Structures are given as C-alpha cells and as structure tokens.
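Structures are listed in the sections that come next.
In the two assemblies presented below, chain A is common to both, partnered first by chain B and then by chain C.
Now for the complex of A and B:
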C-alpha cells in the first residue's frame, strides 16, 4: 500500500486546479519542449471499426478517439487524479452528490464553447446509458447550476475513488451535445470524424492504412500540443512493425508493438527505448476460466488442482520472454492501491494437483481422468503458445485435452456467447479501480450472455455478490481497501477464473520522442505533451 | 503384367530428376513411418530450453523452437500429417474430379453444361480463401482441412478427365462396347477410364504437392489443428522470431520445399512414363 488517503485526492484536485498545465515530469528535464514535427504512432493491434465507438469497442477505437475527446480528469503515474476538462470534482458530506467545476474557455473543434449543458448531456444520455452502463446505475440526476458547474446526484453513497476512476476511465470521454443531441449516439456517422475538445482534430482517415490528425490551434492548454501533425498507422503483424521502426517509418508504438525478441535488438542500437510505464490503469492479464456449467469444473477442488498443474513462471519466462509475472489473486501486481499478497497461491506442483484430483473423485481410469475441451482465444500470438503449453500441463496430470485456438470472432463467440468450453484462456485489461472491470468476472450480475470480457464461467456466490455490493457503496477509502482484499481472497480461493500471468506491456519509441508514458494509461491519453527532440 | 511394370520403370528411370524426386519422397515417407519409433514421445511436448540452435545439442539435432519443443520430432511427426493430408486431399479431389468430368463428358447435353458451369464456379473462387472459409466454418480439425483442400483442387482434374473422355467416347472400342450392350457405368469406368487415367494420375500427383502447400498455408495462418504437429504450423509459430532464430522457420520451410519439389519431379517422371506419345522416344 502506498500512502493513499482521501486527503490525497482532495489535495491533488484542489492544488492542481490552480495550475492550468500539468506538473513537469522527470523526463522533461532533458530540455524545454520543442514545437513542430509529425509523429507516427501505432499500437500492437489492428485498425478500429470506427474512430470512435461510443459503447466501448476495445483498445483500438479507444486509442484513436482519445486524441480527439478528453475527459474531466486523468490519473497520473503515481495514481493521483489531475484536472483536464474539470477544475474540481467535490463530493458532498454524504457522498450522494458531487459538484463538478468545468474549466472555462474550452471550445470544441467547431468553435462552440464547452458548457455545463454538455456535461449534463454526457452524464444522463451518454455515460449512464451507453459507456459506463451498470457502473453508473446509482446516478439519478445531473443539474447545471451555472454555465460551468454541474451537480451529479446519486441514489446511494458513491465512493470518491470509484467515481473519479469512472470519469478518468474509458467510459468518461466528454462528447459534444450540439452534435449528438437528438441522434443515436452509437450509430451517428460523425463517429468516424469525431469533433472533440482535444489537442488533435481528425483530418483524414484512409481506411486500411492510417488516420491523420491536425494540430488544434485553439486548444485550451496554450502552447500545446507540441506536434504539428499526428499519424496513427496500422500494421498487420509485429515483425513488420519492427521493420517499420528500423526504416524510420514509425516513431512510437504502444502495447507490445514488436516481437519480444526484437526489443533487445532495437534498444541495443540506442535509437529506441522500451518503456513499461504508462499501463497501470489498463493492466493486462492472461487468465484461465473454468466453465461452472460443467459438472467437473464446478468442483472447486478440481479448479484448484488444475491451477497447481500450471507452471506460471514458464509462461512468464518463455512465452512472454520475461515480460510478465506469475499472478497472485485477481488483481494485477501493479495495482499499488488494492493489490494484496494475502491470498491463496497455487505454486506449480504436479503431485499435489494429481492428489487433489484423486481426492475430488477423478482418479486415473485407463490412462485418463476425464476429457477437457480447452479453448485458447487466438487474438494474441502468445495465447497460441499458452494453449499448447496448457494442453501439455493438463496431460501431465492425466487429463485428455482437446485444444482449439479459434480466431478472434469465434473465440469471443465460444467463450462469451455460447459458453462452449470447459477451460478457456482469455485476456483482459483492468483499471486500478476493481469495479466493474475486475468484479464483473465474479459477480452474478456479471453474467450477460453475449457480452464479452465478463462472467462467462457462470460462477455465482452470494457471499461474493455481497462483498462487491459493499465495495460499491463504501465511502471510507481504508475500509474499502480491506473490502477489496476480502473480494480478492474469495476470488483466489474459489478460483472460477483467475489470472495466470500479469503482463508488463511495453511501449517502443524512438529515443528522440519525449514526454511519453507519463500517465497511468498513456495509450488512452491525448498526447498533447509529447514532443520531438529533432 | 511384370514386363509392363518393368517397361514403366525403365521409362520412369530415364528421367534422372524423377529418380531424385522419388528418392526424396521415399525418404519423407520413411521418416513419417519411422516417426513413432524414432520419437516415441508426443512431439508437441516441451522437452528442453527454448531456442537451442540446430547442431548445438546432440539431444536436439535440429534445435528447439520458441517453447522448447524438439524440432526434429516435430518435423518427423509433421511429415505424417503433411503426407496424410496430401494423399487424402488428392484422393478426395481425384474422386470428385473423375466423377464430375466423366459424367459430364459421357452424358453430355445439359448435364455437361451444368457440371462445367459448376466447375467454373469453383474455379472463380480464389483457392486459398476458399480453403480458409471452409476451415473456419467447419472447425480446426485435420479432417476438415483435408476435405477443404480436396474440395478446392478437384476442378483441373474434372476438366482433364472430361477432355480425355470426350476424345475417347466415340472411338470404335467404345462403340463396340455399346453395340455389345454394356451398361453406361461399366463403359465409363471399366473401359474408358483406364485409357483416360494416365494423364489424370500425373495431375493427381501434382495435386498432392499442391495440398501440402495448402495445408502449410492454413497451419501458418494459425487455422490448422493445434492438436497435431505440422510443418506449416511450425513456420507460423516461428515467424515472429525470424530476425533472431530464423532456423525455426527455415528447417520446416526446407522440408516443405524439398517435398513439394520431389513430388513435382515424380509427377514429371510419371508423365514421361505414362504418356503414350513419349513412349518410344
């Protein structure tokens, strides 16, 4: 636990409110930022379906939309909230209402001012029904007190860290009322040329290739952005991204853009740097899920036995080339606020696994205990190898394994819609705040057929549901931390789904790209402060 | 019969390249047959340190891949998969092709029109995309890959069979058969087919080579059956390491190249041996 208290939040929000810019970083010490230049960026994935997908849509549209849309606040690398479009967000004494003060003189790309009307529209018509979903269920009303002040009222007390996390998270983008009002936000064609308050304006999207952004000359944060032009380009596979880096066609790539063995080769030239910071609020894990609809995997002892049969260090060291760590509990190790070591661990122990399976009533009969259908989601190359490794690991405890590694669409369908698997390998990225991204894998209301990256195992435990609903309304941050620990302990010992390894994603950048990776979720940042030292 | 075979062998052996091809094919077949005795363990087992280069460790003569699996074992067992898919797919394609081609040519009329338009329909679909579509619909099982490859490669066989049948169906011996009152099926498959078969066999042997390539492409793209080892899969897995450990791609790549080359050479030899026009050159 780092020193974290409610006072910290308030002090940061109030203190930072005075400064219009952001606190200087250690990297900025390399010299005063230079204006100008074109930055070509990418990420370790493919082109989005649309530049902005209001209901979420994954990391790809999140990456492209956050250069145009901004949020009220953001989370810094040391997990403090910093003002962006809001100067302050203050809870009432009873935590049932929050007052939001907007930054003055912010304009949309089309020249219209950002006002409290926009915010009311976002809260009631965008965040609650579309982007945040059940997370903001308790939100009752949003009232504009004056052109720059809005009061959000809730049915129940809402913890401050939780609300601020939502507003600083993927669901909290602020979209213009004058463009979306009266239309269907999700299907509005403007989502391909979004208009926001951010430092970059969409200039042109060449499908199948790249999107070009022009500098927003009337950006509220005077002097920024430093870049004249930003290009986000997509490549089909990691090896061609590393070739693009070497050919000088690519300046920065987030989320494991290149094959792990190439990282050392590129950084050895000193022309490139590998940065692991900037991912704490979207911490990636690779998890194993046990389908509770199957008699065998409904038994907790079986799940625990199978976890003992997996050598997670092997996965971390060999499959991820050391860029991952064996997981402990349901939370990522980088979550310095809520992570706890005080949970049940499953060290690699084949004999123990076999003994537990014997005890659970599945002895070896004719060379096999039972048959298992193992589905490893084929969206990451690593999952192919993990699937092959797990097949072997489970065969070592005499289980007959039928492995399938379907493509992205089929994997989503088999795991999250048809529940057609016994054991599945999947991934997700979670924010520091465990509700809802982490908890929805364990709660009963997380079971939504067809909705990806939630409770697909069918696990349902009243005690778990109760703990999570307590977490949702506990406003004392210390008590809340211990509730999360309680949640984590239960998740780890029941183990319906558990992370196997916590990934440490890496950003690769040319060494003359400055001031990147400074916040808790750099990929989803506006990149206003990135500059080129050329 | 024996003299016929010797005659065939002599003509085949006249093509030196075909002998080399035959030798290579026999080696691959030998490896495939010996694999379970040579490498009794599951070839997909992780046995050592990852990325041991070939010829560095006597235990792993061809090195290990990115997970630490023995490449030699995977190549040997992969030969089984590759040959099995190649042969079965070729057999599927030949059966479909001969049936369609023979029926079209012998019956003629609207049946011919219909079957040939159908053949053309299949020919207009890009082969690899068709294979990938079938595999992604049916699922990632080795049987389905075989069927998919068979289904896309039968068209040239059908057209060739049809052409051969067309030239044979009005010959005197066929008319004699008809006059004797033989049934259509018997004439088609008992009398005409044996005469039409030699060029078809040559083409089928080339289809085996094509099927090996298709299987590799499917496995390379990660749509192969993950429960069995195959050469294409090994290349696909090693692709991201091509800058550092290129041998992971190179070893199975070489195996595929040699096998396909050898099958093509054998096809050439068969052509020389079976083509009556070259018989007494």
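Now for the complex of A and C:
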C-alpha cells in the first residue's frame, strides 16, 4: 500500500467519525430514555488496587472512581467542551487567569454542598501536587471570590484548550475538601469507599468480584442517572467475558473486553454491538523507543532504517486482528484537532532500511551488522507477539537481536528506571491535548529517571524544547495547531520514539444498552445518561 | 493424640519462619519493586514526593532491616499494611480467604466422592468395560488443563444450557435470606468446584483402584468372605477402609497444590478468592501482601496436614501416636 492512499484513508475516516458524532449507532435508538434497571459493566482488565487512586493508578481505578467523582467539564465525542460541575470557565484577556463559575445546588453524597472552597482545595492541594503534576506547574494561586466562583492565576499565559483539557481529563476529578483536608490524600483509606458528587454512590465492594453502586437520588442533574443500579464486575479471562455476555450476565464491556475473534461472532447475532467511539481522549498507541544513550541508536539514520524495516500493517492486521492502524507521526489518527498527515512516513522497505544502515556505517560483517537488546513490555499480550515479530524483522536486515519480554514490574524498571535496553516496545494513552502526555516523550524536561511513560530515550533537541515551550503558552488556537504540526514533523523525522500502530479499542455492549460511548473518553465518564431499553 | 497435635504446632513455627525468609529474599531478587510499580502507575515524578513515599513504604531502609521488622510484626500477629490496597493486609486477605476455602473444601469433597467411588467401582469390575471407561475418564481429566475444562464447562452448562451462572460467587444485587444466600453460593460453586475437583478425582480414582486390588488379595479379606459376609459388606467395611490409607496420604499432600491450583480456576470463574490477590501482588511486587497470603496459606496447609495425621489414627488403629 502506498503511503499516500493510506494517509487519505486515515483522514477521511477520521473526518467521518467526527461528522457522525452523536448520530452514532448507540444513539440511533428511538424514544425517550427509560428509567430503571441494573447495568453490569466490565473492562478488558483487572480489578483495581483501590476504587480511587488519587494520583492516577491506571485505567482500572479510573474506571471505578469516575462513576463517583465528576469533573468541572467534559469533552464530547465531537471534541467540544460541555459543562458538568462548572457552568463556565472564562479566561481573562491576558490568559493569565481564569474565572470558574460552579454549578449551584450540587451536593456531595454525604449531603454537604459543593462550594468554591472545595475547588480551591482541589486546585492547590490535589491537582497541582498530585494528579496533574508538572502539567499545572504554572498555576500560582486559586482564590474563592464567592461561594460559587474561583479565580485561578497563572505565572504565564495558559492556552484555553490546554487548561480545559486538563480539567476535563484524568487529573481533573473534584474531591471533597471536608473529607480529605488535613489527611494524606494518597493513603487515605476512604479511597476504597469514595464520596463524590457523581450519579452513583459506592454501595459495596466485594474484593475479587465486583463493586456495586446505588443510584444517587439527590443528583444535581434531575432525572439522571437512568439506571437504578450499576455493577462493575471483573473477570480475569477474556473468554469468560464472552461467555458472560452470551449468558446474559454482562451488559457492557469497555477497552477490548473479549478476544478479538469473538467480536465478529457476538455482533453477528445482532444482540451485541461493537463500538470504537469513545476513546479519542485516551487514545492508545504501541510505540518503539530507541535508546539515545547507545552510540548506534544516537544516529538518526539507524532509527529511520529500523522504522523502515517494520511492517506496521502486518502488526495491525495480524497481531491486532485489524483493530489498529499503522501510525503516522507522533499523534493518534483520531486526534482530529491536532493530527497532521504532513510528516515523514516510514513505509515498509527492507532495501531502503539496508541502504540506510550501510550509509550509517553499519555494513554486514560476518552475517551481522550489530547486536541489540530488544525489550518488549509484557503488560499487553500483543506486545509478546510484536516483540517476536520485531526480532524477525530486524534479523531480516541482518541485525542480531536479543529479545526480552519481561513482566510489568521488570519492564517498568528496565525501560523507565534503569534505561537498560537498546530498543523498547511500550504503550501509552494520550489525550487530544499533546501537552504533556505526548510531548513529554520528546522534551528534555521529560527525562525523569524512574518516572514511567515519558522520555526514556534520553533524546534532547533544543529546537524540540523550544517548539513545545511555545506550544505551552500560545493562546491563539490556530497558531497553536500549526505549532503542534511543527512539533509532530520534528518528532517524526528525528524519531527518537514513535508510535508504530494506533490502537482502536472496542466497546462491546448488548444492543439494548443505549446512549453509551457519546464522550471522548467514555470509560472515564459518569454514565449518568446510559439507559436500558428493556 | 495430644502429643501429635503439640508436635505439629511446634513444627509450624520454623516452617513459617522459613516461608517468610525465603519469599522475602525471592521477591527482593525479582527486578522492580512495589515502589517502582506504584510510582509509575501514579505518575509521580516530584523528587520530594518520591522521598516521602519511599519513607511511607519503608523502602528507604536496608533490606535486612525490612526483613527483621517484618518478622517482628508477624510475631506480634500483625501482617502489616498494604499501601497498594490502602488497607491492612490481614483485612484484605480475610475478605477473600473464605471464598478460596469454600472452593477448596467443595473441590476436595467432589474429588473424594467421585474419585473413591470410581476407584472402588473399577476395582470391583476389574478388566471389564466399566474399568476401562473409568480409566479412560481418569486419564482425560488428569490430562485436561483445568482452565480449558473450566471454559468448556462454562460454555456447555452456563452459556448453552443456562443451568449455572458463568462466574462469581453470589448473584449480584439481590437481597436474600441466609438460607437463600447459602443456596445461591452453592449454585455458583458447582462448576468451579467440579472443574477443580475432577483433576484430583482422577488421581484418587487411579490410586484407589490399585489400592483396592491390593487389599482384596490379603488374607483377612478371604477370612471375611469365609465367614459368609455379603460381598458388599466385605468391600465396604473390610477392603475399602484399609484401601483408604494411601488416599488420605495423597489428600494431605494435595491440599497444598490445590491452594495453588485454585488460582487458575478462580480466574476462569471470577471466583473472588485469594488467587487473584496473590497473582496481582506478585506482579506488583507487593511483598507484605504476598508474604501475608503465603504465611496464612502455610498455616492452613500445616493445620490440614495435622488433621490428616489424626485421620490416620482413626482409620488404622495400628498406627500409634509416637
């Protein structure tokens, strides 16, 4: 397949997904939402360590905590911000301060009202030091002007999309001051029975099995949630999830709940739908990283050659059963705001790879150009296969490969703490906003020894740092988009680390589950509007 | 009898000590630590916060000090605190241990019932089609991986026939009376206990058959027949009782492996037992939790073995407590 046709394909489908938006299959239902019923949901992973992990803790606690905690705003599937706990977030003219108006008459599950004091506490004591970290470095003060108004002040101008993206993102959950004030937020035992403002209250968590949520009858959005009860259950085995769907004991599963070959079988019965929407603000990629601390991989030609040696369509079609696409640049194709096709592509071309390696000064000597250690992070089953494929692909250009597929803890240590690899296969999920989740893989300040999912390659380019710092303070949205394009071009041509495939996770739901997958990160949404057509 | 109990209890102490030291060393030899896993999951990069967490988790001290502290706290019957779950280790384990115990006991029950019956039947009808069928079944269930058996049973009995639930331990979201709850758990228990039990039943059947055939040849059996006892009574009261001894030995040995084997079955049937907890804890290098499970597990196995010893006495009065 030529690079051009694939790019065009990517753009049209991304555009089509955007255009359809709310008219998606899950919304195609007729009639008004029905009240009542119990929804049993799951996801393609395991039970969380705690129902709420203040600093993040991965997808599982994010899934369970977001039914209880809400954010100020949310991002819809067509990438527009929508009010949740805030009625408005307005920047000042110089973009150095923002005024947040809270929704009146919102109460916590224990009956206490949500006020601007809560918000100040969240901004200064929770978001800045714990959940957002460096992302909110520029935040200086938060002041409560009246019980429902807060002004956030920043050291530098802060782009509106950036701030709203943080507030609508994983770091923006609003937690109660009267419960957490004075305690260590991270180790507070209440995190196992969180109290929030959301549509569901934690009723009971049976460890090893499920968590049951009861409807919050005093929810601020009158009439919602439509469900009486929500149950999140965990299965450790994808085949068991398929069985649970078929036996009618599971209604919805997010993030690839069942084995890929089962998807076609289940959807063919018309009793289930497979939905790929609802993941754009938490877009997963599988990336390849080149350790710049090694002399060989410091050479750009070598990195480019290795990228040419990888058949990414093969990975997408064979390893992911077509539920992934070859990547282009550093951004996920579903990022319709910032994605650009105008970056260097690396089509599969073994001859070109060999020529580049020859030119870089690594000719074949005694059957091998050089030896490399390849570490494929074993936290996803697919990475095992990708690691094995890459070993073969690199051996096809006469490189001797020493492959290791360690478990989660060891992978984290080898890639992100000890930098003990030459080439690594890893994953991450990125928000629409590229700062910091995408940019921290490329900037010099993204190098933090022992901190995972950021610059582990040691790549440092002043031009890259400058572009990203410009992006951080550019408040004109159009100019900002072109700065992101500039960033993407540089990332793609320097290629210290690049996505190989953009994953397309799928949500499986019974066809009588309505109004799911309407937001940009459905798994982390409150599910207040989900209803059962039974 | 009392001496046996006391001796067994005294033996448990060095056992648990060895379990702690060995596993502590093993888990520290594995690359990566709880601290790495926790901070990377939580995306903590602030050096001040990292130091604070190092102190909270106690990993800022030398490993030998950590080990000594842990042994000291176990001696005071305190299994420590799990920062991953934000709860005391003992509480988390106690939430999940009963489910594993129920599953284990039910599986043992099924294994004994099915295995012994099949073994006896095979030995009575030795070298007939019955014997061959039972041997074939035993080989099959011994060879079939229990996770595969579990999935096949789910597909057959839960998905196609709808007789049993696909997983879990309770029907979620239903408030029932105590009696209803017991029935509900039993209903959920059938498939996992059978899938786990059949593997052990296969061994029991083979051993029981051989043992029965051996005892049946002994003189006292001929005497019993000569006395004019009925065939059934000879088999049940004379042959079977004496043939049970190797089964009891096997049972004592397999209790430990069953605790381990239930990890797989728990995963397939999402049974809320200790298996998934142990697995997650090993993967996240959460050593207080791993050690807690292993300490309680070794206690359990030791107590079960002591019980088996007592069973010997009951079955064969010739064995004296020494």
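Note that the second predicted complex is superposed on the first by the 506 of 534 C-alpha atoms of A that agree within 3 Å, B and C clash if a C-alpha of one lies under 4 Å from a C-alpha of the other, contacts with A are read in each partner's own complex, and residues count from 1 in each chain.
One rule holds for everything that comes next: a residue touches a chain if its C-beta (ideal position, glycine included) is under 8 Å from a C-beta of that chain, and two chains touch if they have at least 3 such contacts.
Because the structure is predicted, anything quoted here is derived from the model rather than measured.
Trainee: Would you sort A:406 into first (chain B), second (chain C), both or neither based on which partner it touches?
Mentor: both
Trainee: Of the two partner chains, chain B (first) and chain C (second), which one does A:381 touch, if any: first, second, both, or neither?
Mentor: The answer is first: A:381 touches chain B but not chain C.
Trainee: According to the stated criteria, A:143 is in contact with first (chain B), second (chain C), both, or neither; which is it?
Mentor: A:143 contacts neither chain B nor chain C.
Trainee: Which chain makes contact with more of the residues of chain A, chain B or else chain C?
Mentor: Of the two chains, more chain A residues are contacted by C.
Trainee: Which partner chains sit in contact with A:117 here, chain B, chain C, both or neither? Use first/second/both/neither.
Mentor: Neither chain B nor chain C is touched by A:117.
Trainee: Would you sort A:239 into first (chain B), second (chain C), both or neither based on which partner it touches?
Mentor: In the superposition, A:239 contacts both chain B and chain C.
Trainee: Of the two partner chains, chain B (first) and chain C (second), which one does A:512 touch, if any: first, second, both, or neither?
Mentor: Neither: A:512 stays clear of chain B and chain C.
Trainee: Once chain A of both complexes is superposed, is A:448 in touch with chain B (first), chain C (second), both, or neither?
Mentor: Once the two structures are laid over each other on A, A:448 reaches chain C alone.
Trainee: For A:533, decide between first (touching chain B), second (touching chain C), both and neither.
Mentor: Neither chain B nor chain C is touched by A:533.
Trainee: Using the superposition on chain A as set up above, list the residues of chain A that contact both chain B and chain C.
Mentor: Touching chain B and chain C on chain A: residues 237, 239, 406-407, 410.
Trainee: Show which residues of chain A lie in contact with chain C when the two form their complex.
Mentor: By the definition above, chain A touches chain C via 38, 40, 46-47, 49-50, 53-58, 129-130, 133-134, 186-189, 191-192, 206-210, 212, 229, 231, 233-237, 239-240, 243-244, 246-247, 249, 406-410, 412-414, 416-417, 448, 450-454.
Trainee: Under the definition above, what is the set of chain A residues touching chain B in their complex?
Mentor: It comes out as residues 237-239, 242, 259-262, 265, 314, 318-319, 376, 378, 381, 384-385, 387-389, 391-392, 395, 402-407, 410.
Trainee: Chain A touches which residues of chain B in the complex?
Mentor: Counting only chain B, the residues touching chain A are 42, 44-46, 50, 66-68, 136, 139-140, 222-223, 226-227, 237, 239-245.
Trainee: Within the complex, which stretch of chain C touches chain A?
Mentor: 30-33, 36-37, 39-46, 49-50, 53, 56, 83-87, 92, 95-96, 99, 147, 151, 154-155, 158-159, 162, 165-170, 172-173, 266-273, 276-277, 280, 283-285
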